[in-house]
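Lettered A, B and C in written order, each chain numbered from 1.
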Amino acid sequence: MIEYEAVIGLEVHVELSTESKIFCACPTAFGGAPNTHVCAICSGMPGTLPALNREVLRYAIRAGLATNCEITRDGKFDRKNYFYPDLPKAYQISQLYLPVCRNGRIEIGEGKNKKTIGIHEMHIEEDAGKLVHDPEGNCTLVDYNRCGIPLIEIVSKPDFRSADEVTDYLERLKTTLQYIGVSDCKMQEGSMRADINLSVRPVGREELGTRTEMKNMASLKAISRAIEAETKRQISRISAGKPIKQQTRRWDDDKGVSFSMRSKEDAHDYKYFPEPDLLPLRVSDGMIEEIRREIPELREARRARYIKELGLPEYDADILTSSFPLVRIFERTAGICGNAKEASNWIMTDLLKLLKDEQVAPEDMHFPEDSLGKIIRMTSEGVINRSVGRRVLTELFGSDTDPITYVKDNGLAMVSDQSVIETAVDRAIRENEKAVADYLCGNPKSLQFLIGQAMRHLRGKGDPQSVQKILFEHLEKRR
Amino acid sequence: MKDENILNMTALEVARAIRSGDITSPQATEAVLSAIEEKDGELNGYIRVFGDRAIARASEVQKQIERGALDYPLAGVPYAIKDNICTEGIPTTCGSKMLENFIPPYSATVVHDLERAGAVSVGKLNLDEFCMGSTSETSFFGPVKNPWDTTRVPGGSSGGAAASVAARMSFYAYGSDTGGSIRQPCSYCGVSGIKPTYGSVSRFGLIAYASSLDQIGPIGRDMLDCAAALNQIIGKDPADQTTIDTVPIDLSAASEFSGKGLRIGVPEDFFAEGIDPEVEAAVRKAVHVFSELGASVTSFRLPIARYAIPTYYIIACAEACSNLSRYDGIKYGYRSQNAKSLSDIYVMSRSEGFGLEVKRRIMLGNYVLSSGFYDAYYKKALQSKALIRKAFDEAFVKYDLILGPTAPSTAPRIGESLSDPLRMYLSDVYTVLPNIVGLPSASIPCGFDRNNMPVGLQMIGPYRSEQTMVGAACLFQRSTAYHLRFPEKRGEDA
Amino acid sequence: MIRMTDIHEAPPEPASIGAEQIEYLEQLARIRLSGEEKERTARDLSKILDYIEMLGELDTEGVDPLSHPVTTEPVFREDKAVNDDRRDAMLRNAPEHKDGCFKVPKTVE
């Protein structure tokens, strides 16, 4: 039997997280009522012209530098012409001939499975609008809010051989882009989407088979399933002696199958030509160096430093650096509480559990970066005890309330007043004669029980060390 | 002062009269409006006239002038603007059925500039549909007629603008020039006009024909008016990243310009076959005037001129087919009533909304850009453009200005050109060169043919040489009287 | 059928635009010409293209294409958002709109 392998290339579209759109001042914020983030320019009104946002070029160069690309010094914009209601000018300003970055690479895999995926090029372009089907009117409604949001399209070489390699690459790409702050890469909001080009060939053969394309894939799970299904589909067709048609297919993740999209015969003549409304870009060495300096320490370097300098376990360092929002909250927390290990422990046990319980990805987390650090500092300074700290974290997760204010307003600060603790201890001893007797007979478990009782009278806020000390003294007096 | 006397003044004279209190801005506006009322029924230079709105604006400007809050050189003087320049809340049609009911939600940068300068707009001027034409006959709103002879065309595409200035229906006007659309109608109508250096005037709000060639510019009764009008709209605009820093023209320096030491080059290629002998004679005579005024005049060869028309039409049509793709019947503009499917909306709206000349150029643009043809046509045209640039760079080492005819003939009769588009295209042979490489260029009246139709002299200068060009033109106009003749006076002179 | 996309050599054959090319151009341009317009356009385009072919004789060996003859240091826009919501003025120009959106017949995937 012939063994086949898949040959896969990716085109990843990433929305840049600039404040304003690429060619006009409209906000890029996600959501908003239809056509309210729209002006004469991004809706393609006659007579309007594009005015390039400075940050878009800088972000694209930053992304290129972080993925080992060569930066094009004299980039240009081109027009890609096609008719569709989501494209108000009937052309997309993009880069065909001189893209901003070329010839980059990303390493995937670990140990002996390490592999380099080539980046063919990275170009700047504008996003299109959104079409929404309106069942009530049996028509399509066009919303241009997304129109003109800056994108970079990252085109890989056809270096992937499996779905695992693809998802590994996407995870790493996402992490890198988040680290350098050019995109939030929220796949569920469409700010990172992938087109998959896939063909199969007998293992060992050089030449490529006919490829199909699956566009606009927006979840890693769906991508992985689509690749596996499409690989199988192509192999079974070839094995049955049927040809593969070059076509665009749409993946239906619910049904787990892909469909051929009706091919538009004339859709491929994009009539590219240089965009006359924008001047050629001139990128100087100075500009590249300046942008290079803005790139923060990337994942691998940071992970190594966490292990070596902060003494974190490898596992913890790995998790903490897996996503930039976690890095940010970890470093902020460690800075505030002054104890990296403690910060790491809280994140690894408490915070990640909360994220998991609430099914929130770290980049979607709504939690002020200072909050966790403040909570830990309150526990280490003895303002609250650890279990109250945990309670505060759970209660405040997802809110903007300041933990210090919260502890004060809800009277959660630890009780260390001797006389109050003594009263609680007295009451615990008085009400639990049996446990006292057990203790005096040499049963240490009873001591824990009595501490619990005293803490209960203190509503959990007693300083555990003082409670234990006073209880011990009182019990010893009874001997 | 009588309307007739007001109407005979230049824009700068009107401005001075307003400043000195001899007349008011509303008076000047009334005079222009009654001239339009009287003549435009026949000439059809305007698509829209602002009656009361213009008077109200003039009164407001008048008050500001009297308060001393406005001292711009043309404050209070009525002007008109080509209907391919967006005016917020006022329909802007491009002479097309496609945009018959389009109301821009914003104004062009030049319109804001003019508001600030205290200019008073009296209306929007007729033009070839989307500027595609050299005769102003392709407008959805009917052809414009030449005020010198209403059986003839005024030239195009800014035919309404040139006709309005020639017929005293405006003191000055703004047109746009993609391949001669200001200069050629100026030549046909006996008025002056400037196509400035590419980038000196913002294109934001100018409905695009061919983006790399389009430039807004002034049309006036003499070059000094044009210079004052140009000064109002120049400057770098953040909304148009192709704009450049520009120095305003010094009008008093231009009035004192001396011909001594001016180096003029005359390309013999401009007098090759196809030129009307009467046009050639008038232009050669004008060149001679310059040498009498102390300039050195040298003939030279500019063989690259032969490739101007193919280069121009490839670039212009390619850009146009892309620029005009946005008219799809979805967001604005004409939508076919018969359209049912999405594909119908595109095809039927565009087929019914555009005129034949527009469709022809869109088709030509699609042809030269379509896959497999790009290198042979578009890339070749961009290489030709590089060679044209080189030829001019070399010429401007030797010459300060290049002179020649604006058009190979005087205004043809209505209907003559449309039957043979190639012939019409060839009439742009001299004017397209400066657009291809972005050079400034002007046209001034320099004679009349046996039918008393005006002849234009074209000037081409190096980048940002408007000061020299205007100076030389003013010198010519101080020494000749062609620019002082206007249609009604024809009988008296003859 | 000969499609333009099948022709790759430069310079092209002396152009003669036939019915098939006109059809393809109509498709690219989203314009449908009437019978009479078709004929006229084919004739006019052939004539114009014949003339344009003259460019083929120009020696452009080693000449870099020039797209922007007048260039200057571009001044980019600062990344500041301004929400100038002009939806109503914009939609007033739309032939059809619904719920704040431009309305078109159902698009088919």
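Everything below uses one rule, namely that a contact is a pair of C-beta atoms (placed from the backbone, for glycine too) under 8 Å apart; a residue touches a chain by one contact, two chains touch by 3 or more.
If you're wondering where the values come from, they're calculated on a predicted model, not measured in any experiment.
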{"item": "Two chains sharing the most C-beta contacts", "value": "B-C"}
{"item": "Chain separated most widely from chain A, comparing mean CA positions", "value": "B"}
{"item": "Gap in Å, rounded to a whole number, between the CA centres of chain C and chain B", "value": "25"}
{"item": "Computed distance of Cα centres, chain B from chain A, in Å", "value": "55"}
{"item": "Chain A and chain C: spacing of chain centres that average the CA atoms, whole Å", "value": "40"}
{"item": "Contacts with 2+ other chains: residues of chain B", "value": "102, 105-106, 212, 238, 241-242, 321, 325, 328, 330-332, 342, 346, 366, 370-371, 382"}
{"item": "Multi-chain contact sites of chain C, meaning residues that touch two or more partners", "value": "5, 24, 28, 30, 67-68, 72, 74, 76-77, 86, 90, 102, 104-108"}
{"item": "Residues within chain A bordering two or more other chains", "value": "40, 43, 45, 51-52, 83, 85, 140, 142, 268-269, 271, 274, 276, 278-279"}
{"item": "Residues on chain C engaged by chain A in the complex (per definition of touch)", "value": "5, 24, 27-28, 30, 67-68, 71-74, 76-87, 90-91, 98-109"}
{"item": "Complex contacts: residues of chain B adjacent to chain C", "value": "101-103, 105-106, 197-199, 212, 236, 238, 241-242, 244-245, 306-307, 309-311, 313-314, 321, 325, 328-333, 335, 340-342, 344-348, 350-351, 354, 356, 359-360, 362-364, 366-367, 370-373, 375-377, 379-387, 389, 421-422, 425, 436-438, 463"}
{"item": "Residue numbers on chain A that touch chain C, as the complex places them", "value": "18-20, 25-29, 33-40, 43, 45, 51-57, 76, 83, 85, 131-134, 137-144, 250, 261-262, 265-266, 268-269, 271, 274, 276, 278-282"}
{"item": "Footprint of chain A on chain B - complex, ascending", "value": "84-86, 92, 94, 99, 102, 104-106, 108, 203-208, 210-212, 238-242, 318-319, 321-322, 325-328, 330-332, 342, 346, 366, 369-371, 374, 378, 382"}
{"item": "Touching residues (chain side chain A, partner chain B) in the complex", "value": "40, 43-52, 79, 81, 83, 85, 88-91, 140, 142, 268-269, 271-274, 276-279"}
